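Which chain is which? They are A, B, C, D and E, in the order written, and residues in each are numbered from 1.
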């Protein structure tokens, strides 16, 4: 996507003023409660008229104050999943799902509703009225409805907040898949660092209605390592599982890792907290950890009282953290080689 | 609280049928989306009439099908924080907050609205209309409104779901404090294991409208260790912080722990993941970890491929996990003594 | 003092003139008119409406009030008379009742609700025209004389049966013929005193004035015939 | 007391026919006018509003007179219609026209109250799903204002059953052709001793509208309250 | 054309006074009746509903007669009132009573449409916060039906300005005392050459109600759409 926008919008007690350009396919918007995230989403979708500025998406101008141009929402082809589901009360679940879909010319329809329903686990709800759906059920229907309308840009405003963890991580890979397959760019609003890291490539940080930072979700996660109870979470996408010694060996870049986790159909995405990684200056003669990786220090960064260390393990990145004395002791500085030990049970499957 | 209920409620596609008695002050309700949690909340609050059964709260009968008794919601003194905020659109934020408060006889008013506003960080919103509050702002107002009505039993249906992590953990201690101070029992519905463990003593697990399990949040967390990316999270409430060697020493039960975290005003609650705990059969001569605790194995439990170990460290509980071979190697079985090593930087402050 | 006069609406102008004339002589007296259809007034008086004097456009309602004991029987007398005419646009060539069957639409007042209608019905029946016109749905029943006249004036109907006094006020339409008086009961405007009125001397005074030649001249000026 | 004449029965049948026709005919226009006034931002909105409410403010007889000026054979529209061989005045269509004009403001107002309670966020959602303004009107607003339309239709039907002033002027009081219940009642009530029959017709009229209202209620009840999501 | 007489001005002033009084008096009852019919579940609900709608279905003249029977000095209620020295019939209060009865069903229906669009979850929230049924009605339902009440009041006011049939029967057509605009128009139509004045009065009436409606609209606009949370 190539989205460039410069927008001003003033409310009684709040003023949004942003000016940026996005090139990535997946962008996140992060910020505290009341920082203007939802306002930005409404402006982009054409549901709120800015006080001034311009929005350009690819070669289309969605809004331009100077030229008095403001495309109506239905011509923007910008889909929105709202914080609350806003289902149409007079339509069944099926009617809601197909509302946008039916409005796409037949030849342009690319997504199979039945497929989507299966993934969102809402197939059994189809004939029901939307009145007495539970909170999670509602939000899944809203999600499906928007994706089926096949937007050129998808805006999501905390769409997964009401879902339980399991469902959330079930939906993410599918969402990823749909977005990739149909090439739909995503602008994703959330408080959740994990959702951000799994879905977007770049994060814009809003505060008080202004863009205060733009960075990668990884960098954001590093910055927030000190705030987060679990520290930094490494995401490892592993491939080619092979059974070995009652465990499983997966390929990770140019090396292999031993895990106690069985492979699943599809992707194998695991998490590894920074604290699960032990570093050694020299090869430890014997260690119970099943994985001992040779790696190079790429970067050392400050983390309040602690220090973060970015390692290069055969081309893949791994982030760990330690106390300053250990840094000196192990002589950790960029370019130095080290050994990283990881227990086979340290990995957690995300999906 | 002493709440006993036996309730049946049938919908087209769903049937709730529960029969249990709660004695604890803080009880959680856990269950997948659509398992009937919100339905139960509505039945308890008197917003939905059961098909049959009875509800007794302390010595008050709230509902009894046999005696054709069904107390109206306003006489139950059961407060509800709903999944969505349902603020009164014609009242200001202040009007909403004080709605229930004004309906309590003056002499019975125990909670200071100003105090509550400060903690919920909504004091600056008071004169505003509720129309354009952000999602998080709305929910905080709803929370305050219900607590100010001084209920004898507080039902909360995923009340913190829309809030960002930081705010969430800021609110929890206050909620705890209010509930303790004013002695309000809590029934808490949530998908979040952390919220459960911080707020409730017992958890009822619903599935398909039936009670399938009742356990402690700790036990539930243990059961779900394998599903959760971070594994089990130990919560440690530490006291009496003293500076020592550029670190801080805190008292934990009969022993002291070294942390790199400064103390905060009020409680010092820290988390420690199961994987941050290293076990030794004998005292390791030298170790970089600043904490080496003598402890006894209390229980060894199955965790899918891994094994969970519950330790008793000077009267406090610590849970860790390991691979089966390590269990044999370290001869881990109930009653055996071990050493647990924990790095000073392994702790994360929750609030 | 006030004299409360309940009068048929068709007398409103005449009543105003009578009021003016009477007040010249008795400046302290004031006429408070209540103008509506005779039936409405009669029912109001039965229901206890304050009235001293009732002028009806119709015998029936006066008789009704007499039997209801709301009009003192001995006081009833005829104030004025009127006649029935056929009013139509000037381009009409109708000359008599006999020409009526050739017309498309004829307006008359509703025989049920209006005295003019009742007289018209009597005349048409006597002339043997009523069943034919009725069956061919040629008859448009108006609520009152005003409405019938308005239809005639606007040319919505070919002609309308109205009272002479009303016909004289028409602008676009003219009287095409007079209905022979022997085809219907005489068109009388009876006047009577209510028991309250009969008890009041000033009302009696006004009642006498109504029978005076001066009052007769005023009424004649509006097209009424004197008894 | 129930000794009704044949023309009385005709009056009852005619009243029902007129009220039903007027109600059904006015629904689409009522919805559109309501939507226009609720959502439209255009010049002359106040004027349109005023014009629509005119029949409410004027005495019905005056409304009838104005309609006669418009639709009469010498009227503006009546002349045109007469050329096409259509005649409204003094036919039962005149009664329909009178009821329509007099009841329309009631319908529009009912519709507007309903429309303005629709959650605008639903309309926003529809727009982002690709529905144009008009599409949203038909696929979201119309079904969601069903209750209001129905309530307005009930009002309109009842008002039509009771419509007297404009009808008697525009339609004339032609027994068997344009004599609706109120006109028949009027006749009886103005005859000394006609009270009994007038009462009977009144009761019939009330029974009719009660039946209509109850049916209306039942429908309204079925139609779940659903302008919320 | 604007050469109105003193009694004409009196008629205008009286009309405004009557319409305003009738509207204001009917608001509390209209709200209660609407709430009763919307939320109440009791026997005889249909009957009450029918009774309320009676004035809509009956020709106003008939309504006037029925009121006369009830309130007249020989009537059921009139006799009682007379004993207390109160007299309604043929005073301006009679005009108020006529407008009230005729316009009430319009008001109630407007209120009901508004009430039924209120999100019941707001009422649930209020109940759990300790508000009794009645308290909820006053503190939540009433303010949230403000728009509907206002819209209904506009309807009622306009209808009152145009009320003729019931008024002339119940109040009589007494210039300066009970002669409202429609009655004055009726008088002028009965007078040769009175058409011009009748027209002037019509226009005045329209202007009045237009002003009222526009004021009503402005208020409605201010009153944010707020029955949602």
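Just so we're on the same page, a contact is a pair of C-beta atoms (placed from the backbone, for glycine too) under 8 Å apart; a residue touches a chain by one contact, two chains touch by 3 or more.
Owing to the predicted nature of the structure, the values given are computational and were not obtained by experimental measurement.
When the partners of chain B are compared with those of chain E, no chain appears in both lists.
By number of C-beta pairs in contact, the leading pair of chains is D-E. Farthest chain from chain B (centres taken as the mean of C-alpha atoms): C.
Farthest chain from chain A (centres taken as the mean of C-alpha atoms): C. Centre-to-centre spacing of chain A and chain C amounts to 90 Å, using the average Cα coordinate of each chain.
The mean-CA centres of chain A and chain E are about 60 angstrom from one another, to the nearest whole unit. Put simply, the C-alpha centre of chain A and that of chain D have 57 angstrom between them. Across the assembly, chain D contributes 119, 186, 189, 227-228 as residues in contact with two or more other chains. In chain B, the residues touching two or more other chains are 84. Annotation for chain C: residues touching 2 or more other chains are 40.
Annotation, chain-chain contacts: A-B, A-D, B-E, C-D, C-E, D-E (touch as defined at the top). Residues of chain A touching chain B in their complex: 11-13, 32-34, 38, 83-84, 128, 132, 134-137, 158, 161-167, 191, 194, 227-231, 233, 260-261, 271, 273, 275-276, 288, 305-306, 321-323, 325-326, 329, 343-346, 348-350. Taken together, the chain E residues at the contact with chain B in this complex read 119, 121-122, 124-133, 135, 139-140, 143-144, 146, 224, 226-229.
Interface residues of chain C facing chain D in the complex, by the touch rule stated above, are 37, 39-40, 42, 60-61, 63-64, 105, 107, 110-114, 137, 139-143, 147, 150-151, 154-156. Residue ranges of chain A in contact with chain D, taken from their complex: 45-47, 72-74, 76-80, 82, 84-90, 99-100, 103-104, 129-131, 145-146, 149, 151. Of all residues in chain D, those touching chain C in their complex are 65, 68-69, 72-74, 89-90, 168-169, 172-177, 179, 186-192, 194.
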